[in-house]
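Read through the structure below, which is laid out as structure tokens, and then see the notes.
All chains are identified by letter, namely A, B, C, D and E, in their written order; residue positions are counted from 1 within each chain.
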Amino acid sequence: QETAVKFQLDWRFEGPSAFFLLPVAQGQFKAEKLNVTVDAGNGSGNAVNRVASGTYDMGFADLSALMEFHANNPTAPNKPVAVMMVYNNTPAAVFALKKSGIKTPADLAGKKLGAPVFDAGRRAFPIFQKANAIGKVEWVSMDPPLRETMLAKGDVDAITGFYFTSLLNLEARGIKAEDVNVMMYPAHGVKLYGNVIIAGEEFLKKNPEAVKAFLRAFTKGAKEVIANPKAAIAVVKERDGIINADLEERRLKLAIDSSVATTDAKAEGFGDVSKPRLALMASQVADAFQTKGRINPDAVWNGSFLPTAAERNIFAKK
Amino acid sequence: MAFVDFNGVWLAYNDELLAQGHYAVEDIHLQVDEGEFIAIVGPSGCGKSTFMKLATGLKRPSQGTVIIGGKEVTGPLKITGMAFQAPSLLPWRTTVANVMLPLEIVEPYRSSFKQKKAEYEAKARALLQSVGLGGYEDKFPWQLSGGMQQRASICRALIHEPKMLLLDEPFGALDAFTREELWCTLRDLQAAQKFNVILVTHDLRESVFLADTVYVMSKSPGRMVVRREIDLPRPRDLEITYTPAFTDIVHELRGHIGAMRKQGVEIAQ
Amino acid sequence: MAFVDFNGVWLAYNDELLAQGHYAVEDIHLQVDEGEFIAIVGPSGCGKSTFMKLATGLKRPSQGTVIIGGKEVTGPLKITGMAFQAPSLLPWRTTVANVMLPLEIVEPYRSSFKQKKAEYEAKARALLQSVGLGGYEDKFPWQLSGGMQQRASICRALIHEPKMLLLDEPFGALDAFTREELWCTLRDLQAAQKFNVILVTHDLRESVFLADTVYVMSKSPGRMVVRREIDLPRPRDLEITYTPAFTDIVHELRGHIGAMRKQGVEIAQ
Amino acid sequence: MTRKSLEAWSPWVLLVLILLVWQGICSAFNVSEFIFPSPARIWEQLLEYKAVIAGHAWRTFWVTMAGFAIAIVVGVLLGFLIGSSRMAYTAFYPLMTGFNALPKAAFVPVLVVWFGIGIGPAILTAFLISFFPITVNIATGLATLEPELEDVLRVLGASRWDVLTKVGLPRSMPYFFGSLKVAITLAFVGTTVSEMQASNEGIGYLLVSAGSAMQMGLAFAGLVVVGAMAMAMYEFFSWIEKHTTAWAHRGSQSH
Amino acid sequence: MTRKSLEAWSPWVLLVLILLVWQGICSAFNVSEFIFPSPARIWEQLLEYKAVIAGHAWRTFWVTMAGFAIAIVVGVLLGFLIGSSRMAYTAFYPLMTGFNALPKAAFVPVLVVWFGIGIGPAILTAFLISFFPITVNIATGLATLEPELEDVLRVLGASRWDVLTKVGLPRSMPYFFGSLKVAITLAFVGTTVSEMQASNEGIGYLLVSAGSAMQMGLAFAGLVVVGAMAMAMYEFFSWIEKHTTAWAHRGSQSH
């Protein structure tokens, strides 16, 4: 009989959500006797929260948000644990218009930056700041979809955001990609991990096989998505009729290229992490987010549910 | 023994007023025989409505006793029917449903209301017919004129065949012509059914035309200052109100009230 | 020539009613001399208030002409003062401010209102004093009893010294004793200032006591069916209402109305 | 006749006028879609996505109705509780005001933790935002009961319960129906706000999703649809109000 | 005496009761803070961050007052316009209902595009959400003017303007003040919602920022503070209402 899995996305149904919607639609989860329901989300923080409260069994969230939760809620029962890496490099980036004259991170000193308070790029900015020796900056807070508008209008000098989100949003506001100066965190000495698949502690204890099965099916799905983004977007379009298929396809490809199928990912293996890098990130996040306690990387990450390395070898050799 | 017996009744509306000695009515002594029709007249605010509340049991006296039908009054009585200055019909019920309201509340009708509904409704319709509201039974109160509403209100007060009918200025808001019509209706009903009536009014002609005994109340604190038996023969016709005998009684009562108003002194009973 | 002259006046309230031939009042002919006090009685809904609206110019006749003071009435007149059945005082103004209201509207007072405010206020206070409201000038209407409010309302109708006072059942809501007091107040004011009065009422005794001429209206469509001159000598004392001569006139008028009500036929004027 | 029909048409005339002015401004100043879309553009998007919008609108509609149904039940019961005693009225009223002044949007994350993404939080937000006017109106209807109407029954020795059911309940019906039309528009706001934060479906989701994709024409089309639904329900409840409690509206005017 | 003072204290008694039950449930089931913080925890956070909260609260307060001031001016003018003519009333009313049913949160992004991040959108959202009850009440006050009061002046040959200023205006004052207390609570909701979407300051910002840092206790403390401010302003305006339009409340009862 099937195991029901309630899955919480980090964001709305956009291109990258194909990684989860496709195996639902194409039956990879069904084949593993899983009945997976995927719900749209509104931020990694909320996704972590909802898995922690037991409302959802598993979810997709930024690893730094998960670390922050662990550090700030050491006594919480059912703390979520990361079981698989998806965005091996954080998609966080700083965007500035070329015409503003901001070329390097150092130019950001004294400038006005816009982002929601919960944005991963904004929260991790101290790490970026330290790595690039940037002076003080001023922050302006706003809802996520507003930041690109504000940048386009010139109300802020730069924004932080996910590379594949903000770049395309800026385009929708009439800013061409070549007019934007993008400073991706991984390219500027901030090799944080990005989004991971998380699962509640209790769910892990009760259904370890289901989690393993989930990750296996997910891996198969991911292979399909990477091989054929167009078909993957068709699945997303079915779920949310208003999306612009071409735009989301581009978004998905950007996500794959910048965060999923990266050189680092190929080196570490899809879905896995490198322990030293994880430990470094834990200490950086604890500093940057000013958490209550330090972060124990082993409590946050549990790689024992991963499929075999062979199964995870999904990147087409080029 | 009298049917209604007020024995040294005082009422203050609340504890504060009681403590200050502000009574709405003071030292009321009054006896009404079975089947007697009495009227109470007096200036505005003298305590007429207060007297009615005591007689129905809506208020308990601060001092003294009210005995009705041989029993001391301790709460609302089911043997009374009451009609107020405003018709107070429930606007969401048809006229006949309004008239039937007491039957839904008062025993023995209440417990048999569901079974005998048809019978009770026939009774209500007959009563409405008798006050000239035939054909209006299924209209809503707001579709009737003020006089018609008042008639329906009196029917409601009578439907459960109370032994005593209490009327607090029931004709106050009507025009003179409608009012005189209703006087005759009330006179005939009382003649037929012989229930007790206590009528509160401003109108001296009304009180003299209808009542066996008229009481005059003085202004605050309310006391009964004059008791006048009306010895006009019954049945009385409306024409009687234009006879000198009638006019004289009205004039006499008018004199008592005028004296009270001018000097503010009490006139011995 | 008469001061007020209604000449074959018909009124339908709106175009639809006009098309259907439903008139609120029909074929009114009526002349009032300067300084004359007339009263209009009739059953509810017969068109008394409609007549008043025609006389003030609040309504224009559908047919016929209304001439007052030699000029045809085409809109509200500043030479009239009006008091309604309800006192209609503005609750946010003190009594004296209510009385001064016409002076803020009507010329020639209006343009000099700011300069002569003190003078006008003294005048208003004097008027209030004369109807027994001394000491209540700075109270708000809702702090006064119904009778006091009605007196203030009459003061407001008189403050700008209108040539004509229109009263639409001004005493309807009052108790009998207060009402009689106000009759005397009105009688004395009119005797002193000699303005015209048109009084609409339900109360036959009131009309006979106060008026020089009583008109009886028939029910819809409203027509004037009886004109009765009251030849009782002036000044009239309240006691006169208990004399047989007075009672006879009331009885006679009552008869006209009774006949009208029973048979629904019109009685020749 | 003409005047009457002109009056009946006047809201439409005004609407057309507003749309013309709006379109005029957008065209004249060439306002770009992402700053403020023109009516023509909204209409275009409405037609293009009509199937999708209809699906989301239907979801929002029934979710709102579900929340509203709970609001009616809870609102009426609470209203009765509060209105039937002076003490309860003074005790509850200030706290309810305070609660009413909280932005219900702030509760959505908490509700999601309890009920997950989907209809749960939306139904509950619709309920939380709309029960207040119902409760207040029922309570006010009971608290302002004319003592004369009560005395009519008390004189007959009626129990408290008799008075409540025979007088209190029917007397508060006009207040109740009056509140429904206000509450239903609030319920739509509640559902939409909740869907904006936590849903895969509904007009609220459409707003956010279209907004973040900068399809402002589509987002405004969604807004127009909620507005229209709310207006229709308002008219519906005001029709019900007129037809069920005619006595309350004709009470004063005699024929 | 005792009964009266008990009544005066009853809201506080009820509040304490609710807090105790809430605390009891949180303690008994060991509800973690991020699911639903306990009153004790909220209080703790309130004390810990009192300076920060006070700063945000002050910002929300004055921004709300600014929006509310605009709402009063616009609401009154529009109410006069609509209430002074039957035609305007029928034309505007349905459209205003439709507008009122739109979630104002959806307008914030548009306002931000026009006015930038900061006080602009917050003031305008507070205004947009709160002018409606003011307008409706003023219009209703004028539309339900007793014809007798109007006739009092018309008989004297008063102009339309005279009637409006001497009767219409004062007559609608109780409606106006009655609407203020409702509108002020809505204005707080508007400010907070707007600040949640676009601001660096204010209770709305605090809610989002505390929420994203998982400090639910602090977020709830912020909610409690808006609720308290709104309640205080409600009581303030209801006091003003009682003292400026005493005549409307004592109208029926004679001395």
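We adopt the following convention: a contact is a pair of C-beta atoms (placed from the backbone, for glycine too) under 8 Å apart; a residue touches a chain by one contact, two chains touch by 3 or more.
Just so we're on the same page, UniProt names per chain: B, C = ABC transporter ATP-binding protein; D, E = ABC transporter permease.
Quantities reported herein were computed from a predicted structural model and do not represent experimental measurements.
Student: Work out which chains are contact partners of both chain A and chain C.
Tutor: Correct list: E.
Student: Select, from all pairs of chains, the pair with the highest number of C-beta pairs in contact.
Tutor: Result: the chain pair D-E has the most contacts.
Student: Just how far, in Å, is the C-alpha centre of chain E (ABC transporter permease) from the one of chain B?
Tutor: 50
Student: Indicate the whole-number Å distance between the mean C-alpha point of chain A and the mean C-alpha point of chain E (ABC transporter permease).
Tutor: 40
Student: Provide the list of chain C residues touching at least two other chains, using ranges where the numbers run on.
Tutor: 145
Student: Among the residues of chain A, which are close enough to touch at least two other chains?
Tutor: Where chain A meets two or more other chains at a single residue, that happens at 49, 53, 145, 149.
Student: What positions in chain D (ABC transporter permease) touch 2 or more of the other chains?
Tutor: Within chain D (ABC transporter permease), residues 34, 109, 113-114, 211 contact more than one other chain.
Student: For this structure, give each pair of chains that are touching.
Tutor: Touching chain pairs, listed by label, are A-D, A-E, B-C, B-D, C-E, D-E.
Student: Tell me, which parts of chain E (ABC transporter permease) touch chain A in their complex?
Tutor: 32-35, 108-109, 112-113, 116-117, 197-200, 205, 208-209, 211-215
Student: In the complex formed with chain D (ABC transporter permease), which residues of chain A make contact?
Tutor: Of all residues in chain A, those touching chain D (ABC transporter permease) are 6, 8, 12-13, 39-42, 46, 49-50, 53, 55-56, 144-145, 149, 169, 172-174, 239-244, 247.
Student: Once bound in the complex, which stretches of chain B touch chain D (ABC transporter permease)?
Tutor: Interface residues on chain B, with respect to chain D (ABC transporter permease): 56, 58, 75-78, 80-82, 84, 86, 88, 90-93, 101-102, 104-106, 140, 142-143, 145-146, 156, 160.
Student: For chain B, which residues count as touching chain C in their complex?
Tutor: 43-44, 145-146, 175-178, 202-204, 242, 244, 247-248, 250-251, 254, 257-258, 261
Student: If we count contacts the way the header does, which residues on chain E (ABC transporter permease) are in touch with chain D (ABC transporter permease) in the complex?
Tutor: Those in contact with chain D (ABC transporter permease) are residues 6-8, 10-11, 13-15, 18, 34-36, 86-87, 90-95, 97-103, 105-106, 109-110, 113-114, 185-186, 188-189, 192-193, 196, 204, 207, 211, 219, 223, 226-228, 230-231, 234-235.
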